[in-house]
Amino acid sequence: MESTDRDDGPAFQSVFENRVRFAETDLQGIVFYGEYFTFQDEAVTEFFRQIGYGFEEMIDRGWQTHVANTELNYREGAELGDVIENELRVVEFGTASFTSEYRARRKDDSSLLADGTVTHVAVDLETDETIPVPDEFREAIAAFQGGLESIE
Amino acid sequence: MESTDRDDGPAFQSVFENRVRFAETDLQGIVFYGEYFTFQDEAVTEFFRQIGYGFEEMIDRGWQTHVANTELNYREGAELGDVIENELRVVEFGTASFTSEYRARRKDDSSLLADGTVTHVAVDLETDETIPVPDEFREAIAAFQGGLESIE
Amino acid sequence: MESTDRDDGPAFQSVFENRVRFAETDLQGIVFYGEYFTFQDEAVTEFFRQIGYGFEEMIDRGWQTHVANTELNYREGAELGDVIENELRVVEFGTASFTSEYRARRKDDSSLLADGTVTHVAVDLETDETIPVPDEFREAIAAFQGGLESIE
Amino acid sequence: MESTDRDDGPAFQSVFENRVRFAETDLQGIVFYGEYFTFQDEAVTEFFRQIGYGFEEMIDRGWQTHVANTELNYREGAELGDVIENELRVVEFGTASFTSEYRARRKDDSSLLADGTVTHVAVDLETDETIPVPDEFREAIAAFQGGLESIE
């Protein structure tokens, strides 16, 4: 539950922006907490797409990713019409996995709505077994976000 | 926008029951209107599953279905905790398509929440072209709901 | 199931654009048909927001809308990464209701993905009874889309 | 990312069962990871409902809950038609918050699909400020699950 709002490490990339949809609110009048994982996933998808690793491009290379773990802290509720800025940076690489930090901010006043992490594993398309994260992918990430050094 | 609440034709089958989830409500305090298509689809899936045409079983037979058209009338709002009874009957067969009537009722008092239709086309798995609806499928439906005569 | 792709009537307004999210696809590899109602609703919300009738602004005026009926025809499947252009025009006014035509197009090649209608009723906030659609609202729509004449 | 599959502490309560819906799958052919938070939330809602603290009943008592943090580990993918058993137990109480452990199992073979935690804060309805978790609520939980002792 610790904050991810730090200045060290590679820079957060603002990769996806969305206006809160009516269908995403619940009867408490704010965005349902589970919806943020849809936004988080879209931020990941968009981040990878921008560095040449869209879903189809990964498939063409013979691998894909699965989510192994995710965690979010909720700071403030988002309301209908709010525009959300979704930011991501990859902060850690394991043998067959990598962990990204995610932040959702209200665009209007930059206030933090939610933040947390998501860990993906790399999986071979044919065997469905985990594989080492490809070096080229790691390098494309480093080039995009300005480095890979762990922030731990 | 005409009512589908008729006594003639094959009998509606109550195939799927669900309690309204928090995530399915919106800031007006009732189930978001688009969610009913998830319930409708689950009613269709469950109807077919019960007659031996689950998704995988269709795939094994070399075909699947796509939705071509759907329409719903909204009668009353469903609230958190309401249990919804989802009813379906297949009412019309075209060459490559078939149309089902769908009804969502509040279990507590049987009041109608939404009703309408959904039309599926049968599609060949390999060519992705429409195909005649298989006779065996039609017969399985007739046996399940007690007839096929059109209600038009 | 008739086409709404006509040249007469007020002009369709392109009010909302969205890139298909991973979570919106299903195991057939395309956007689940029920998701289009989320896009349709967002097109409606955005259309009204742009003419000064955002959700909160309606509430402040003492009324809101409920969906009474909706229908969609599915023309082509949208895939992950496709950008969808959502277009809307209000085509008919009843005493307490109004009907809009909706179209979803793939931005890349302008091909039609889905089209149909949605009918809203105007509801008084306090009594929860239907009310005549306010004239000012009707005029704001006419000004925005260039007319109100029915296309029937 | 540690396992929550332990024998000590209060007993997990199986409070909610759901068959995977077509709309909940994604193009990888399994349930989208974000959907589990809808299931988790429904497990929480149902757990509380069964001990007399349904959403409306909390509102009547002058308070409600907000999610402050949630984390899930993904163990195995759920497929269309799988029935999921959702289990919950409350494992820790803070001053104004409480943390529950959640597990999703495939009913067929009891295999673990996902597990993790969710932390709620108690919030006063009028002031929207956090409040101490009411003793009666704590006692109702203890009676339902057979104890409250922390499992840390």
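Letters A, B, C and D mark the chains as written, and numbering starts fresh at 1 in each.
The rule we apply is simple: a contact is a pair of C-beta atoms (placed from the backbone, for glycine too) under 8 Å apart; a residue touches a chain by one contact, two chains touch by 3 or more.
In UniProt terms the chains read A, B, C, D = Acyl-CoA thioesterase.
Because the structure is predicted, anything quoted here is derived from the model rather than measured.
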**Request:** Using mean Cα positions as chain centres, tell me which chain lies farthest from chain B (Acyl-CoA thioesterase).
**Result:** A
**Fill in**
Taking shared numbers over all numbers used, above half giving same and below half different, the chain C (Acyl-CoA thioesterase) and chain D (Acyl-CoA thioesterase) interface sides are same
**Message:** On a C-alpha centroid basis, what's the spacing between chain B (Acyl-CoA thioesterase) and chain C (Acyl-CoA thioesterase), in Å?
**Reply:** 24
**Asked** Can you give the whole-Å distance between the Cα centres of chain C (Acyl-CoA thioesterase) and chain D (Acyl-CoA thioesterase)?
**Response** 36
**Request:** Could you grab the centroid distance between chain A (Acyl-CoA thioesterase) and chain C (Acyl-CoA thioesterase)? Build each centroid from C-alpha atoms only and quote it in angstrom.
**Result:** 31
**Fill in**
chain A (Acyl-CoA thioesterase) residues touching 2+ other chains are 22-23, 27, 32, 34-35, 38, 41, 55, 80
**Request:** Would you pull the chain A (Acyl-CoA thioesterase) residues touching chain B (Acyl-CoA thioesterase) in the complex into a rising list?
**Result:** 22-23, 25-27, 29-30, 32, 34-35, 80
**Prompt:** Which positions of chain B (Acyl-CoA thioesterase) touch chain D (Acyl-CoA thioesterase) when the two form their complex?
**Reply:** 18-19, 21-23, 38, 41-42, 45-46, 49, 54-56, 80-81
**Prompt:** So in the complex, which bits of chain B (Acyl-CoA thioesterase) are touching chain C (Acyl-CoA thioesterase)?
**Reply:** 1, 27-28, 32-35, 37-38, 40-41, 55, 64, 66-74, 77, 119
